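Below is one structure. I have some questions about it.
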Amino acid sequence: MAIIEAEELRKEFVVWRKVGRLRRQRQVVSAVDGVSLRVEQGETLGYLGPNGAGKSTTLKMFTGVLAPSSGRLRVCGLEPVSRRVQLTRQIGVVFGQRSQLWWDLPLRDSFALLRHVFRIPQAEHAARLAQCRELLGLDEFLDTPVRQLSLGQRMRGELTAALLHGPRVLFLDEPTIGLDVVSKQAVRAFLTQLRDQGEVTVVLTTHDLADIERLCRRLVIIDHGRVVHDGSLEALHARYGSRRRVVVDLDAPWEQVPGLSGAVVEAVEAEGHRVTFSLAEGVTAGHVITQLAGYAALRDISIVEPDIEEVIARLYAASDDARSVASG
Amino acid sequence: MLSAYTRLLVAQIRSQTQYRLSFLADVVSTCLMSLLDIVAVLVLFRVTPALGGFSGRQVLVMAAMALLAFSLSDLLVGNVERLRFYIRTGLFDVVLLRPLSALGQLLVIDFAPRRTGRVVQALVILAVALFLVDIDWSVARVAILVVTPLAGSLIFASIFVAGATVAFWWVESGELANAFTYGGRDFTTYPVSVYSGWFRRLFAYGLGFAFVAYYPALFLLDVPDPLGAPIWLGWGTPVVALLAMTVAACVWRTGVRHYRSTGS
Amino acid sequence: MGLDVRAFLALTSAGFRRWSTYRQATAAAVFTNSVFGFLKTYVLLAVALGAGGAAVGYDGPMLVSFVWLGQGLIGVVMLWGWTDLADRVRTGDVVADLLRPVNPLWTYLAADLGRAGYATLTRFLIPVAVGLVYFDFFLPTRPASYALFTVSVALAVLVSFTFRYLVNLTAFWLLDVRGVMLLAQLMMGALSGLYLPIRFLPDWCENVLWYLTPFPSMLQAPLDIYVEYGGIGTQLAIVSGQLAWVVVGFTACGWLQRRAAWKLVIQGG
């Protein structure tokens, strides 16, 4: 059984837009517009989209905070809003913007309180806390009131708080937003480990692509509330024709190599001394380099991985085109 | 279960007492505030010998019973007013992510122990007021004296909860609820016979405020209602409280389903 | 530290516009103030009835207009809830205010007058209309009373502004002004005539309030002028009293603000 099952999930908000000085107009915003998704136990899912795409709204429905406008939703086999209390015991949640910690109390006290709130057996609580303390390096600020923590420290605290009751699913909304490099890395390393243990299903929203590249094998991209891609990173590259590139520095200026297969010249720079090839699908860099080596002396070679930012930019452009075609 | 709420409560008190000076000023001003209600009654009776057909001492009994019921409910659920703050900031999200009742958490996480002072104060005022009138004490009268403030506070509590729930639809409507909570307190301070028209029907019967102090006080004082209601209505407070709580619970549940969080 | 008329008017209109965006809050306040209007009207009418038709010189219609104009003026005079300056002191933004070439007292005043203007059109007029529709409302017999009432309301706004400004200035010395604010609100409510006409109080108490505190000048003053309590001589005396409190208020604000600025410069806040 899938741990998250969503079918045609929708959430609409009514907003009043100002038109003119006094009049207001009623407008329905479809924040989530027919999302269908199945997430299996143990998966790590990256939920990606530009600002306002509907990521947080989806997560709020998954966690029982918001009631969907329509559609069917089961998380851990439960209907989130009506079985909210049971569900909270099975999920852990970190919303980057909203703290679940007690503002005026030391981190340690927040953790102790959560033990009572979730009724976690003492031994379990101690074991999980010890693990998080080590992996996230909490010890140096465990006795500091939460309001005095830096964002990175707080986020590490939030992660711990979300895991203390041993949830089956962990929902993370923009866990790395605004963090310094060190904290970002600490959070990513921690999540990687969590993923590799494979016990906790992780659903993570972000608009930071590095998070996705490090952490998620499966990627769901949404735009304007709709899923525009669901699959692996590789599948995304394949679908949008992004290619790996080989950049070679030559001793002598570039001349066309007769019968070069599997690669196309993309750019020639530095008076012909630097050439960029893009590789066709399924072609290895080695295959191209062997061919080149027969013709010219190679001084240096580098391989450039496809740029995911670019792919996604293209993807959004494509989805916008589709929308304008559909509506126009 | 209880222990989870108790721990939340202790945590809340600990963080509140970190701000000592304003805590003290809070205690002083809340006490002054309820004293003011009683002073207002006394001042009015400097000007007039009777109000709605009742003497100053009789009105004081009603006012004191109303004050006790209100202070009790204010102590227990008054902080539900803070709901609008949680809704506006989206912090209600966090409340919904814990395995406890949302309303229960709200009441506990902002519990204001300073309001106990007002309850004590109200008890003293009621004792004085009862001493100043002649009451033919009986088991029934003692029973009504004990039951009424508790049931009356549940009526107020229902109004507090239902009123705060409006914020799920109308975030900036904070003051609206005051019309019925603090308005209800003012209404119950004076005999129902003072009011008239649709206003009396709405507040006294529609919202049940006549049962907070007026009818029970008539029973205690053994005075007939100038408006002609039977004396046994003094026993109606628990029934009305039950009704009010049912309605408030429904309103609350509908409200939570309407929660729309905030765009981040 | 001058502020020319055009800048002052621009700030006033900005204040007006800012408050006109708080629609829900305004609607809620109008509703709530009207409900309390009904409550107070019935109680005070019962008092007048019990006292044989008139209470301490106020008859039924006078009490009705006293209550409803009072309920309308709460929003105009703004008896509670203004913490703009204190908030800026707490966040440290106030430094920017003090560094500008204009005295912040005047910029805040301009904004507050804009707020009062918007409140007059909404929070004042609607409850007064409700009172007029439902009850027997007193209308002044002397045309001059309307003019004096208008002047008196303007002065009441100024008195209330200076008092609120003073309370906000304490934020320079106190870390947390919530307590002081609460006490100030309590006094403004209880001693200004909002709960009850202060003429219901014992004479000595009434005199202390009129002569030694600014509170009656914030609300009771314009209300008494409207209901023509006493003759034209009384009305003029009331307005002069308010004028005196305006002068005292602004002097005190200027003095305390200089102390605050001094503290900021010398002690670094």
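List of remarks:
Note that the chains are named A, B and C in the order they appear, and that numbering of residues resets to 1 at the start of each chain.
Criterion: a contact is a pair of C-beta atoms (placed from the backbone, for glycine too) under 8 Å apart; a residue touches a chain by one contact, two chains touch by 3 or more.
Everything quoted here is computed from the prediction, not taken from an experiment.
Shown here, the protein chains touch in a chain-like sequence that does not close on itself. No other two chains have as many C-beta pairs in contact as B-C. Centre-to-centre separation of chain A and chain B, using mean CA positions: 49 Å.
The mean-CA centres of chain B and chain C are about 29 angstrom from one another, to the nearest whole unit. Distance between chain A and chain C, defined via averaged C-alpha coordinates, is recorded as 54 Å. Among the residues of chain B, none is in touch with two or more other chains.
In chain C, no residue reaches two or more other chains under the touch definition. In the complex of the two chains, the chain B residues touching chain C come out as 19, 21-26, 28-29, 32-33, 36, 40, 43-44, 46-52, 170-176, 178-180, 183, 186-187, 190, 194-196, 199-200. Touching chain B in their complex are the following residues of chain C: 22-25, 27-29, 31-32, 35-36, 38-39, 42-43, 46-51, 55-56, 174-180, 182-183, 186, 190, 195-196, 200-202.
Listed in rising order, the residues of chain B touching chain A in the complex are 3-4, 7-8, 11, 14-15, 18, 90-91, 93-94, 96-101, 257, 259-261, 263-264. Considering their complex, residues 13, 52, 56, 60, 63-67, 81, 84-86, 88-89, 93, 95-100, 102-105, 109, 113, 116-119, 173-174 of chain A touch chain B.
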